[in-house]
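Going in written order, the chains are labelled A, B, C and D, and every chain counts its residues from 1.
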Amino acid sequence: MTPVLEIAGLRKQFGGIVVANDVNLAIKKDEVVGLIGPNGAGKTSLFNIVSGLIPHDAGTVILNGQPIERLSMHARARLGLTRTWQNIRLFPSLSVLDNLIVAPRYYPGESILRAAFSPGRLRDQRKKITERAYNQLEKVRLVDAATRFPTELSYGKQKLVSIARALMNDGDCLLLDEPIAGVEGAAYEALKNVIRSEAKLGRAICIVEHNISFVRDLCDRVLFMFNGKILNSGTMDELMARDDLAGLYFGSET
Amino acid sequence: MYDLTLYTQIVWTSLANSSYQVLFTVAFALVLKVLGVWNFAQPALMAASFYCMYAAIDTFGLPPLIAMGIALVFTGVFAYAIETYAFTALRNRNAGPIGFFIFTIVASQFVIYVLTLIFTAEPRFLLGNMTSALHIVFGVYVTSWDIAAIITTCILIAVLYFFLHYTRPGQFMIAVADNAELAETYGISKQRYYAMAMVIAGFLINTAIFLLGSKIAFYPELSLHMMLFAVAATIIGGIGNVFGAGIAAVVIVVMQQMSVLFIGSRWQPLFVFVILFATILFFPKGVRFRGS
Amino acid sequence: MTTRRKFLKTMLAAPAITSAHWAPFNSSAFAADKEAFSYGVALPLTGAAAPFGTDQVKAHTWAVEEINGAGGANGRKLNPIVLDTQAKPEVGVAAVTRLVSVDKVPMFVTAFSAVVAAVAPIANRNKVLELSVGANSPRISKLGEYVYTTYPLADVDVTLLAKYAYEKLGARRAAVIFVNDESGIYGAEVFRDAFKKLGGDIGAFESYEATGTDYTGSVLKVRAANPQVVHLHGNASDTPIALGQMRQLGISVPVTTNTAGYNPELIQKIGKAADGLIVATLAPGPKESAAVAKYVERWQREEKRIPNNMPNTQYVHDSAYVIKALVEEVDRAGKPFTGDTLREALLKIRSFKLPLTETVKIEDDHTVKKPVYLIGVKDAKYYEIGLYE
Amino acid sequence: MEYAASIFILIGLFVILAASFNLILGYSGLMSIAHPIFFGLGAYTSSLSVMYFHIPVIAGILLGIIVAFLFSIALSLPALRISGDYLVIASMGFQLGVLQIIRNLDWTGGAGGVTGITPLFDEIARTSVLSYVALVFVAAAATVALVAWIVTGDYGKAIAAMRDDEDAFKALGRNAVTMKIVLFGIGSACAGFAGGLYAHYFLFISPDQFDLLYSAGILTMVVVGGMGTIMGPVVGAVLLQVMPQALSFLRLPAAITGPTQGIMFTGLVLIFLFLKPNGVLGKAPPRKTDDGDDDDLASVNTSPVVGKR
């Protein structure tokens, strides 16, 4: 069966540094793939290229059989590719609920004409979206935080909200950038379960994460990235077994 | 329809006149590349440096070169101050593009108003006599100003090129320009090179102002008009390509003067804007491909 | 006089209006017998036209002092209310609106083509007499019933320059280079048409930008036409630069120019390069008139220099005497001071004998006819060429 | 009387300009200071169309609005397609370019400007002045209301999100470019409207009235009043219109007033920028959760934006 996300021969140079050096990677539905590697390995850069934040130099990115590497960021999202950010990046001036409400693939409020000429229809759509937003908040157990502002929440809860916001897209492919970093306790478990259950819904999920145990628990397959290259892939344990990788990983981690 | 001498004359004279435009443009492009700031405060530096020289020469009767030396220091310090006190503050506050935009625009206006209050808006000449010695080479009129201007500019640009490409600080500066965060992880202080870039820009501007002031009359608001050319040339030369911008400046100046022979001179000022829009439409990344 | 370069604006759209009631007159000896006659003076006191505007105001103030010192306009002292226009239309509009509706003046004097034109609607709407004392745009004569000028429009002096170039200099091929603003374009066109009418031919007709720094292209196009005379129609601030660049690019033929070329700094900055310049001014110089000689003397004594664009200051100076005459006329008729009565008086008197500009005759078509004085430059010095009717 | 009226009218017109510019700069975060040119386009289109085609003044003003809108699209479409940075210079170039064209054409009155513009109301009647003041005030109120409507509700949420974090916004599938073009168009159309109202009262317009230095005036009003607030620009406009008038009655020597006003207002902006960045009416900024992220090699845009983090 064809993978949801397929990256082939992806390259990107930055000044002198190669952040993506012939990256090849495919993620099937229901699959959770982990992406690990030392700082500066180019993990986030890979997300940035795939999601369309920064242009690539060469290679292809294919989503559900459709090449998307030339599309703009929002176009890719509308095809069902969503990402979260290492540094969360919620909208501070919007309430948690509104953060989710502006997030679906199609947001009726985006057209000012509709707002002006068919307020009725807009109202109905708004109602549906609000319901969906509450469902997502339900998943991360943050319904009670709906009316509060992101900056009033703990770091962990903000992470959860950002995941929920990404889920509003209801896309086939999720790129999660360090979803668990700084998340502890109940939130930790909640998040793990959400990701699991989302994968079960037939999504392809890729996680960049430093938390080894989290990756081990969650990911069917783990890729090790270094200097913009994917060196190895396998289960977390297989990778951890190899000292050379561990050396690269921890050696460069100060 | 026109003889060769005339074309040569236009090319030569506008080449000479492009000297200060090139320096302004390179200064602007450098700040844009390294700091990532559209430095609309450049007019402030230009006007300040001119009136510093003007005061030194006219009020204190110092010889031009000494006056220029003083202004060089003054402008450098001024540029340094803008970076360390204003830009840094804005950066720390995450002011974002708009903050920088407003600050730079308003700062230059502020300085222009202050200078107008002190020196009035009356056009001033830097030197006693604005005409310089004439030499006729194969029918082409060459003034000593032309020669001085071209040589000075070439030297400055060459030095800058060498600095950026063959010295460590220069390479670090480029690294900061390419990706400040990354550079920092390699232990390069972006702060330091931001400031350095600003000071270098200040020096370039000061020299350019001296060339300008020894040829035509200057008034505070003129700096605004001149900056716009620099900005346009920067876009046309390709954002992030400092020397490309400089070359663009030369080409535009020469073409603009040349164009007078073929289109009505009253439309000449439009030339820059037309090229500018053409560039934005057809060469989004600048006419020449970008460096790095 | 010209609408000059754009200058520093105050940051507002209804920008600075500065009103300076000139204190001395309020406290003068005969304040008792008759109510003073207040009128507006709207001239640039800031912005880059300021060097000219302030000199004009000073000249006007001197005239007012003389008049008031000599008993005023039959016992009425003149009380000019001076407001700043920055030579900018919108500032002028604000200033004049203020004069008309706050200070309630029946008449005002102003200068600079753009301002004169911009405030005309206010003058007509409020039936207030507008006296232009320094604007040469052709529109000035068509601005409405309440707008008159004591200053000759460009066709008077520029036409004469064309004539002089053709007849006295024997030039048959001329070129024109001008600043690309209203008065520059108009002056250039007048010269071109006049010169062609005489049978000469215009080789090049090129403009340069007031805000520009490089006139190379235009200058060389002029040179390529290889003219026997060039007419340069610029502003006082850019004329030296234009002339300098022409000389430096090998145009050595005589250059005729408007009164903007009558400017000591020009000589000082380009020295002998100024030789061969022929300036037309619309007012007598110190040589023709003892009064002017005294006037220049006073400038030298008090300011250590001659005024910027002296001929213009002479007109502004004399506008005080025009007003004096109007006031006396209206008083004689025992009428109240309104725009209408003052306008009647103006049309009744028509021909004014004035100290520094001699006879000024107001025509029905709202224009003024004047003799023209030509001034040349030799060895970096101005010298009088002569008076032409 | 007429003096007071013209002050009030200018206040009203500048409320329109500031409010619409605030929509562009403050809410949409679009870096353009070319607002005066759309003011000018409105004024010129309206007064010239009335002059040459003898259409009713109202029609002229409407035409002015449309032209301003279309030109703004023509400007923002290519510029924004590439990057926000391009709008900065494109708008300035556009402003000066258009002014240059106006200066050089004969049928626009050239550098001397347009005289003899048809007044909207009969210019003799004193009452007309009053009704004009009323009209302008209604127009100003309407503009402020329009802006308020746009920036609240569903569209407003999107705007806020876009302003907070454009990349995150795009990553959700929102088309920021289209939104910006629309907002730029609406703001410019408002400016065009103000232009029409200006031309048919003051009856004289010239290119110099719409140049770069005017941009600074409007910018000041917005920043001092409070960027991204509904009433901020209103406060700013009133403040900056009334203050110089008050100043002018102090009878300071002219040589001082001109520049000092400029210094005062630019200085004001600088002070506000550093001490009270949110203006008179602005509330404290929402704390950003965003902090430097080590792994994020490419978090900095490839082409420099104004001010990196």
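One rule holds in what follows: a contact is a pair of C-beta atoms (placed from the backbone, for glycine too) under 8 Å apart; a residue touches a chain by one contact, two chains touch by 3 or more.
Quick caveat, the model's predicted, so the values are computed rather than measured.
*Asks:* Note down the smallest number of touching-chain steps it takes to go from subunit C to subunit D.
*Replies:* Minimum step count, subunit C to subunit D: 1.
*Asks:* Closest chain to the protein CA centroid?
*Replies:* Per-chain C-alpha centroids compared to the overall one single out D.
*Asks:* Could you quickly compare A-B and B-C and let me know which has more C-beta contacts?
*Replies:* If we tally the contacting C-beta pairs, B-C comes out ahead.
*Asks:* Using mean Cα positions as chain centres, tell me which chain lies farthest from subunit A.
*Replies:* For subunit A, the chain whose C-alpha mean is farthest off is C.
*Asks:* Quick one: subunit A and subunit B, Cα centre-to-centre, how many Å?
*Replies:* Averaging C-alpha atoms per chain gives centres 44 Å apart.
*Asks:* From the C-alpha centre of subunit B to that of subunit C, how far is it in Å?
*Replies:* 37
*Asks:* Using CA atom averages as chain centres, what separation in Å is found between subunit B and subunit D?
*Replies:* Centre-to-centre distance between subunit B and subunit D: 29 Å.
*Asks:* Could you state the distance in Å from the CA-based centre of subunit A to that of subunit C?
*Replies:* 72
*Asks:* I need the residues of subunit A touching at least two other chains; which ones are they?
*Replies:* 14, 17, 39-40
*Asks:* By residue number and range, which residues of subunit C touch two or more other chains?
*Replies:* Residues 6, 8, 11, 46-47, 50, 180 of subunit C touch two or more partner chains.
*Asks:* What are the residue numbers in subunit B that touch two or more other chains?
*Replies:* Residues 109, 112-113, 116, 120, 179, 182, 185, 221, 266, 269 of subunit B touch two or more partner chains.
*Asks:* Draw the chains as dots and join the ones that touch; what shape do you get: line, ring, star, complete or other?
*Replies:* The chain contacts form none of line, ring, star or complete graph.
*Asks:* Which chain pairs here would you call touching?
*Replies:* Every pair of chains meeting the touch criterion: A-B, A-D, B-C, B-D, C-D.
*Asks:* Using the touch rule from the top, collect the residues of subunit B that touch subunit D in their complex.
*Replies:* Against subunit D, the touching part of subunit B is residues 32-33, 35-38, 86-87, 89-91, 93-103, 105-107, 109-110, 112-114, 116-117, 120, 177, 179-182, 185, 221, 224, 228, 231-232, 235, 239-240, 266-267, 269-270, 272-274, 276-277, 280-281, 284.
*Asks:* Touching subunit B in the complex: which residues of subunit A?
*Replies:* My answer: residues 14-17, 39-40.
*Asks:* In the complex formed with subunit C, which residues of subunit B make contact?
*Replies:* It is residues 2-3, 6, 9-10, 13-14, 17, 109, 112-113, 116, 120-123, 125, 128-132, 134, 136, 141, 143, 212, 215-217, 219-222, 225-226, 253, 256-261, 264-266, 268-269 of subunit B that touch subunit C.
*Asks:* Going by the contact rule set out above, which residues of subunit D touch subunit A in the complex?
*Replies:* Contacts found on subunit D: 150, 153-155, 157-158, 160-161, 163-165, 167-176, 178-179, 182, 186, 286-291, 293-299, 301-302.
*Asks:* Mind pulling up the subunit C residues that touch subunit B in the complex?
*Replies:* Checking each residue of subunit C against subunit B gives 5-8, 11, 46-48, 50-51, 180, 206-209, 211-214, 216-218, 220-221, 223-224, 237-238, 240-241, 244, 247-250, 268-271, 273.
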